[in-house]
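Got a structure for you, questions after.
Going in written order, the chains are labelled A, B and C, and every chain counts its residues from 1.
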Amino acid sequence: MNRPIQPTYTLDKVGEENFALNLGPQHPGTHGVLRVVLHMDGEYILQADPVLGYGHRMQEKIAENMTYPQALPYVCRMDYLGALSYNLAWVLAVEKLCQFEVPERAEAIRVIATELNRISSHLLWWGAFLLDLGGFTPFLQALTDREQILDLLEEITGSRLTYCYFRFGGLPSDVDEEWLTRVLAFIKEFRDRLPRYHDLVTGNVIFHHRSKDVGVILPFDAAGYGLSGPILRGSGIEFDVRKHEPYSGYDRYDFEVPVDQNGDCLGRYNVRMAEIEQSLRIIEQAIGSIPDGPVRSKVPKLIKAPAGEVAMAVETPRGQLVIYIVSDGSKKPYRVKYRVPSFANLSIFAKMARGQLLADALAILGSLDMVIPEVDR
Amino acid sequence: MATTNPLQKALDKVGIEYKPTEFPNCGLHCSLVLEKEQIQPLARALAGKGFFIETVTAVDRIKENIFECIYLFNHYDQSQRLLVRVPLPRNRAVQPSIGRIFPGAVWHERETTEMFGIRFEGCPDSRNLLLPEDADFHPLCKDFSGVS
Amino acid sequence: MNISLLGIVGYLVGIAALVGLNAVILVWLERKVAGHMQFRLGPMEVGPHGILQTLADGIKLVSKQLVIPDEADKPLFLLAPIVSLVPIFAAMVPLPFSETVQAWELNIGLLLIIALGLLNTLGILLAGWGSNNKYALLGGARAVAQILAYKIPLLICVMTIIMMTGSFSLRDIAIAQKDTWNVLYQPILFIVYIITVTLETNRSPFDFSEAESELVAGFHTEYSGMGFSLFFLAEYSYMFIAAGLATVLFLGGWHGPWLPGVAWTLIKIYSIIFLMMWFRWTFPRVRIDQMLSFGWKILLPLSLINFIITAGVLAL
């Protein structure tokens, strides 16, 4: 099964005028250990070649060698900004495979926590995107609000970033009324602060010049590259796993899927900003209609999944995550595949960056909202 | 009878019978086992009906001495997750590439190549993606036991 | 006016103290302004309200090892920060702080400052080329690319003021505004001037040659310790000179009620510097080609039309 090793990066067109620029693995604009080899003609990019794998941990092999509960905390390490979505996807996949029941109260709390996590992820993206465009202040403003979400989540989950809160069949512990009241208080306060975000950035002329008509993704390309999440919805395709394949009772809540027809960086920006508001709505409804009852159903101590296969899709802050598990009936999964949204979303970058200015390429990379450990797994 | 189901339309086009599976139990709307020659025409039909590629991967069935090459497709308008599995002999695992039909499949195929050693014929790019560029081992194979 | 050795030594000491003190204050002020704009306090630990923080950082920078990359062009690499900083000592000569406080009254003072301001770009280019680093080179190239786009409107601005006053001497220009400040006659010109000097001093939203998120740190990517701090010193000193020039050209120099002239000059200078800091902590960065077309297509015609109208009004 050996195959010849190909030379990795051929610089066939490098002459007097062109040069290769190594963007990363350490670069303030790549948000992690992503490396992009850019072939440049002055400030213009002739060709972009993303080089992945600096954060590769062989997550799929790790999962194969672990029992289902053991693999649980590892899953949350992939997307460190949307850990609860990953946590949720793994738990739901195993629950689907083993046919475990989940109490309604646990489902509601799962939705509340996941949506809070989504807002915090979008807030960090908002700051980091503006940082890519050269504005520093938004970053710290967003972190101020994100901090409150982290405090709220820390109380129930015990950690601040790589949460592992959900368990098979429910939750390890219930939340109290007081915590729910504080979430509502946060939503009220945050709603007052959201207009300030728009005042500072959304109406800014420089921001519009930097993001409008930059990095346009056509709906046709979106399907070819398998994009999902806000990037896809920024191109006018209304696809949201929460609506299309509802899980955890998302079909009980009334929310919209924001869509922008432009497909440029500004479109993706608008979609994410609107999503924050929709997430707030979902949390409010979930808290308003939260039932009483247990938060954990009876689950066997030793989980042995029946032989078979299952695919579970979840909408993470970055798009559609599919966890595909093949089980052979033992207590360890036979094969696990993580179909991560950032991986597919990054694959279109090379196409988008071609012919762009360096500054625009970094704006595009910022608007794609990459989490590199998620891409590398 | 005309159907509005895009998956059924696409399958009709390439002459494959549409057999839905229980979605709530396994998260799949349809599951197929195909020969490797059928994958490219199917991919073309799916692309024409607006399907997108979710992933390309493989499962190492070492006991049966085969690789199962797995494709997941879905549709943006209405959820129609299609799982296609193509059994390949373990010692001569060659599969036609769909990288020219779905450009996004190229990265998934590159990953499958390096992880399992399945060669995708006609893939525009077959360098290692996640592993180091000189890695010649295939870590997701069941007989892989680490690198010294 | 006689030039004595003592005078030169006195001037050099004075200007070195001013450059150093100004940088210390501005770095502290920048952090404070940034902090308060971002709902935080900024430095608070060293001294009251962190006023001595810059001093501590300065000592740290001076005591650091000077790292010269192997591949760098060593003479150019070492020369660049000096080329950037030294012109400041000359450029401060004709700047009047009040009717009596001025290092040396030059009849072409304005021309001298504008000419010396160009040397900053040479320093950036040398740093970019000498570092032998692609990001640094791109930063240096950007600095050169933008120079014409802002220098011509800036010169036309200055020419308009010279035409109104009839003198190249900064002192004469300030005296001519005893009753009415130029900014009231030329509000558009004042805006053009502020934009162009923001460009000249490489300040955000026009910090193309640094452009942190794009070029890592631009021309000073490879600099550490003293080389880096010299660039920093130069940047803040150019800000001071640019704001000082704006004070004299548009805001009536030392003229103002109640307070002594020097106080008024400093208040005006630091107000303009505050304005530039405000820009930096509010706006995202403009793209370089957008800025170039803005310079050529808007700033240049605007200042030219303004120049012609002023000439017409003066002729009547």
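Throughout what follows, a residue touches a chain if its C-beta (ideal position, glycine included) is under 8 Å from a C-beta of that chain, and two chains touch if they have at least 3 such contacts.
These numbers come from a predicted model, not from an experiment.
Comparing each chain's Cα centroid with the centroid of every protein Cα atom identifies chain A as the most central. Across A-C and A-B, the chain pair carrying more C-beta contacts is A-B. If each chain is reduced to the centroid of its CA atoms, subunit B and subunit C end up 60 Å from each other. Subunit C has its Cα centroid 43 Å from the Cα centroid of subunit A. Annotation: 24 Å between the Cα-based centres of subunit A and subunit B. Those residues of subunit A that touch subunit C in the complex are listed here as 19, 21, 27-29, 42-43, 130-137, 140-141, 144, 200-201, 204, 206-207, 209-210, 357-360, 362, 366. Against subunit A, the residues of subunit B that register as touching in their complex are 25-28, 47, 50-55, 57, 59-60, 70, 72, 76-79, 81, 83, 93, 102-107, 115, 117, 119, 126-134, 136, 138-140. By the touch rule above, subunit C contacts subunit A in their complex via residues 34, 37-40, 134-135, 138, 141, 204-205, 207, 211-216, 280-290. For subunit A in complex with subunit B, the touching residues are 1-3, 5-6, 8, 52-53, 56, 58, 60-61, 93, 96, 99, 221-227, 232, 237-239, 244-245, 308-313, 320, 322, 324, 326, 334-335, 337, 339, 343-344, 347-348, 351, 376-377.
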